[in-house]
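Listed next: structures, encoded as structure tokens.
What follows is a pair of complexes built around subunit A, which joins subunit B in one and subunit C in the other.
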Partner chain A sequence: MDYSQFGAMLPELIVLGIFLIVFLFDTFSGEGAKKALPSLTTILFALGTVAIWIVPASAEPVFGGMYVNTPACNAIKAILNVGVFIVFLQSVKWVDSESMKIRRGEFYELLLVTLFGMYLMVSARHFLLFIIGLESASLPLAALVAFNKKEYESHEAAIKYIMTAVFSSAILLCGLSFVYAFSGGSLYFSDIAVALSIGETSGLLLVAIAFVLAGLGFKLSLVPFHLWTADVYEGAPTSITSYLSVVSKGAAAFAFFIIFTQCFGAVYSDAWEWMLYAVIIATITVGNLFAMRQKNMKRFMAFSSISQAGYLMLGAVADSSLGLGSMMFYIFVYIVSNLGAFAVIQTIEYQTGKLNMDDYNGLHKTNPWLSFAMTLAMFSLAGIPPFAGFFSKFLIFTSVTGTGSMALYMLVLIALINTIISLYYYLLVVKAIWISGDAPKIESFRSDGASRAALWISVAGIVFFGLVPYIYQYCIDSVMASQDSILSAILPLFVG
Partner chain B sequence: MDLSILWYLVPSVIMFVCGVYGFVTRKNLIAMLISLELMLNSADLNFVVFNRFLFPGSMEGMVFTLFSIAIAAAETAIAIAIIINIYRAIGNTDVREINKLKH
Partner chain C sequence: MFGNILIWFVIIPIIMMAGLGLCRNSNMKAIRAVMVVCSVALLGLAIWLCCDFLRLRGMGDESEMLFTGSWMWYAPLNIHLAVGVDGISVLMLLLSAVIVFAGTIASWQINPLPKNFFLWFALLSTGVFGFFISIDMFTMFMFYEVALIPMYLLIGVWGTGRKEYSAMKLTLMLMGGSAFLMLGLLGIFWHSAPEGGQLTWNILEISHNASIDPSWQNMLFCFTFVGFGVLGAMFPFHTWSPDGHACAPTAVSMLHAGVLMKLGGYGCFRIAIFLLPQAANELAWIFIILTGISIVYGAFSACVQTDLKYINAYSSVSHCGMVLFAILMLNTTAMTGAIMQMLSHGLMTALFFALIGMIYGRTHTRDIRQMGGLMQIMPYLGVCYMIAGFASLGLPGLSGFVAEMTIFFGAFQDSDLFHRIFVICACSAIVTTAVYILRVVGKLLLGPVHDEHHRQLTDATWWERLSTVTLIVCIAGIGCFPNWINETIQHSFQPIIAAIQGAI
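And now, the complex of A and B:
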């Protein structure tokens, strides 16, 4: 075996290296030294992120084509890393709290392992590696959801999460077994695509694709498969909720795109085009309608993230490199916007224990900076023009309408109407903070340095990502540079 | 007697449906977990059967099954750990009593 192949897996090696350092440090250092663990991990992780941004990806498929780190894969990993870095900053206060002291190492270790799994999901070009990545991303997450050992809600959320996760992976595996029957004896994405383009579309193939869609839809919390989301988001520790809502979702969306275009691209219009339309419409609408009546901020963010997942999936029906680029940009903007909102929710929860929307009434009188950041995050999530959220929605809509089909125009129209509905509930938060005349329920406080840094990064992202074209250009360029390797398998099929 | 592929696929489908039915109707977390195992095993059986009958030249389905069994074991381990936590918190493993998070 050629061990130089491991050189192509640079991002994975970096994350595994950080994991090993944290693990050894956590195991062998003394009580006093353990205090340095959060800053050590965060700094190492920041360095690793910079390395992934800077070192160019080698687009050579390795391990017999099972793994490939194209520029697009590398870019999405770098984007996810930014999200994880912000999550690390946000969680410092929680990790340093009294009840967390003896297991702060485990938090970082489990988080890094899930990130490693997501990297594999993104880079896998064979279903075996993909499933291993998917499971190593979702199983440690269940342990993380159950992390607040003293609180019952955390356990309830964890049992709901693990049961639905296993159920969905059973469905996914069953779907894959039927796909295997059509694949000509190979589980490589490219081989399956070739086998499907030759064969005829049968009912069993439809069932298989529907099962795969359902299995991945659970991870992304698309609408008929979203029922776990609100409960898990509410019960999990808030740092984990923010991780679940952005990083895990971003990785799953990218993997979804790769699998459906590379593997099933040949049967797009026969098999899964209409399925995906229905799922997208249901996701956006149901997410919006349920978000309106939420009073708990974490549940509110859960339904908001469901409807955002619907917008993300729009990139997948655009089935072009523009769609993938817009989707990556959307993920990046969504990461900063959502983490900005979560930074505020977390800071307030850890300082005062308050989580309800009513508690935010009159927040601007006591905590103007937090109110300001929350308002920007809400504006960005709703897609109000000068902020990044507007540009990400705009670009994803353009990439979808670019194909010119009437059905896609209707889809975008429905998404647009839903954007207006979503304004209502995002502005409810803004109204509670700025307009509601009640006496403020939250004392004025000064948040810790790390979460303030996280908040500043998020706010800077919200304000500048839309205005600075570099980020979008980076996403599109990386997709274009991967053209030969990522999309070549399907592009001829789309044309033909 | 010549066994055709249907002799394997029909039991596999029955296992899968039983698993789904059990997952939906059982009230005990352990029973739900057993139902999930049924579903996973049905997928594994499918892989092996398709490999044996359709593509006897290669081994990919069999290898996939081995990995899938290992993953199922890991899933069960984590689920059981969480169920034990639930048991410590509320004294039983009845899903009807795990209902605090809903609005």
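And now, the complex of A and C:
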């Protein structure tokens, strides 16, 4: 075996390396030295992120074509890393708390393993490797969800999460076994694509694709596979909730795009175009309608993240380089906006234990900076300029309408009408903070340095990365440099 | 980039926000200083731009847009930050600068949270100025939305009455309009060049290419016209306007009715009609009916209201309807009238709202049934109110007369029965306007003093005088010297008229 092939897996190696260092440090260091664990991990992780960001991807398929780290895959890994970095910063205070102290090593180890699994999901070009990635991304997460071991809700959430994860994996595997039959005994993405492009579309293929869609839909919490989301988000520790809502979702969305365009691209209009339309419309609408009624901030964010996943999936409809690039940019913007909101929710939860929207009444009087950050995050999630969320939404809508069919215009119209509904409930938070209530329920406090740093990074991302097109350009460039999307109908558009 | 004068219309409000960010919330003097310096700078810049523009036109520069500049922004989609002005935008910038200045002065004693108030106010003005300087659809749309969202907080936090309901209603309705608008813009973009050509967001290039398929034009025209029409308070999408204006604080009402509603008219003109001339010819009749209803219905509704702000809000629906109505006549005279009406309505309605705010600040009621004889108590405010009223009902010598005269003159040029009937119906609104204006003037200002407690009230303070005088001077200026306006905008209609005639 040619061991130099491992050189192509630089991002995975970096994460694995950090995992080993954390593991060994946690095992062999004394009680006093363990205090340094959070900062050590965070710093190492920051360095690793920078390395992934600047070292160009090798883009050579290795291990017989099972794994490839194209520039686009590398870019999405770098983007996910930004999210994980912010989550690490947010959770420094939490892992130092009394009940967490002895388990803080586990927190970082489990989290890094799930990240490793997501990397494999992104880079896999063979379903076996993909399933390995999917499972190692799912199972440790269940342990993380149950991390507040003295709380009943946390357990309940973990059980729900593990049940749905296993169930969805089973459905996915069932679908894959059908696909295996169609492809004539291969699980390579490229072989499946070739087999499907010459074969007939049959009812069984529709079932197979629907099963794969459902399996991934659970990860992405697309409607109707979303029922676990709100309870799990509510019960999990807030750091884990924020991780689940952005990083896990971003990786799954990218993997979705790769699998569906590369394996099933040939039967797009025959088999799964309408499925995707239906799922997107349902996801956006149902997520929005339920979010309007939520009082608990974590449940609120859960439904908001369901509807955001629907917008994310619009990038897959376009099935083009532009769509993939816009989707990656959307993931980045969603990461900073959502984590900005979660940073505020989490800080308030740790300081005061309050989680209801009513508790935020009059927050601007006691905590003006937190109020300001929350307002910006809400505006960005709602897609209001000049914040980044506007740009990501606009760009993804642009990419969808590019193919020019009337059905897609109608799809965008439905999505746009839904942005108005979402604006309503995001404004409810803004209203609670700035308008409602005379007596603030939350005392004035000063949060810890790390979570303030996390908040600052998120706010900077929200304010600058819409106005500065750097990240978008980076996404598009990396997509252009790799052959991840099969259709390139929109390519003549690219200038200079 | 910074050498272009137009960019400074956006940079100054940003400096304003940065300056406010440095002030402390309790330090009223510093906040006022930042606001006054920056709004005076904006006013100066607008006047200077106007003079420079006239100088260049005088030297025989006949290009469609002057002071153009274009900088690549989102390269993969060919999105530029493209700026440029013609006579219409120059006047709109001037109008915005005047009203931002007057609004700043009028909210001299805003309370609570003065810093946050002006922060959102400055963001609102960034959007307004950015919209008028843009000739790239994307930047235009972005600035348009930037101008909408601060309204929510401005009304919600500093408003009066049913402010939460009104703020939410206004924001959602306007954003709903902009959802349609966005779809229209995307459609225009994807058809902006002939097969194989470079797609573009630049308005001038799109109109030169003229490549939008007629079958698409109709749909896109409806989307864009309705999208902008919502902000122009077109029937039946006007319902945000009375509630929103009634609950907004003074300066916000001024800016919103004075400038923001003009964004709607300007957008209809610049995007819907200019870029989609074929559809404009074909579908104008639908919107003529709707705007005709706005004019008449707004005027009649104003007659029965008892709240001063509601009266004025419905009168705005009527007057802004007239702007859209005139634009849809698709001829030079009526369009000239539309631009004049935008200026006139912007100034006079800002004056109205400023005065209502000042009266309300004293009497703590806006119900005309509970006030009377204010002329004896506060003669200065009373006289100003009368001037605004006369401008509104079209007294010669003030701006309203010039605008409405030109509109109906132009509108009557179309000789078919349909247009004639609607013009005559719209003309009837002039009479109705006189009814509701005189009713208010009679009840509010003249007659015996209704409430003896009002006798202790004081007349205008210096900053109130400064704010109102600025606006009155402009109103009289337009009324007495309309030719100046005409000269500024006369070249602006050639491209649009050519596009419409080319489409026939």
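Rule of thumb we're sticking to: the second predicted complex is superposed on the first by the 483 of 496 C-alpha atoms of A that agree within 3 Å, B and C clash if a C-alpha of one lies under 4 Å from a C-alpha of the other, contacts with A are read in each partner's own complex, and residues count from 1 in each chain.
In this section, a residue touches a chain if its C-beta (ideal position, glycine included) is under 8 Å from a C-beta of that chain, and two chains touch if they have at least 3 such contacts.
Computed from a predicted structure; not experimentally measured.
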Partner chain in contact with A:Leu413 - subunit B first, subunit C second, else both or neither: second
First, second, both or neither for A:Ala59, with subunit B first and subunit C second: neither
Touching partner for A:Pro385 - first (subunit B), second (subunit C), both, neither: second
Contacts of A:Gly404 with subunit B and subunit C, given as first, second, both or neither: second
First (subunit B), second (subunit C), both or neither touched by A:Ala377: neither
Touched partner set for A:Ile457, first subunit B, second subunit C, both or neither: neither
On subunit A, positions contacted by subunit B and by subunit C: none
In the complex, subunit C residues that touch subunit A: 73-78, 113, 116, 138, 141-143, 145-146, 149, 152-153, 156-157, 163-164, 167-168, 171-172, 175-176, 179-180, 182-183, 186-187, 189-190, 196, 198-199
Residue ranges of subunit B touching subunit A (in the complex, touch as defined): 16, 19, 23, 29, 32-33, 36, 39-40, 42-44, 46-47, 50-51, 54-55, 57-58, 60-61, 63-64, 67-68, 71, 74-75, 78-79, 81-83, 85-86, 89-90, 98, 100-103
Interface residues, subunit A side, partner subunit C - complex: 322, 325, 364, 379, 384-386, 390-391, 394-395, 397-398, 401-402, 404, 409, 412-413, 416-417, 419-420, 423-424, 427, 430-431, 434-436, 469, 472-473, 476, 492-496
Of all residues in subunit A, those that touch subunit B in their complex: 127-128, 131-132, 135, 139, 142-143, 146, 149, 152-153, 155-160, 162-163, 165-167, 169-171, 173-174, 176-178, 180-181, 184-187, 230-231, 234-235, 294-296, 299
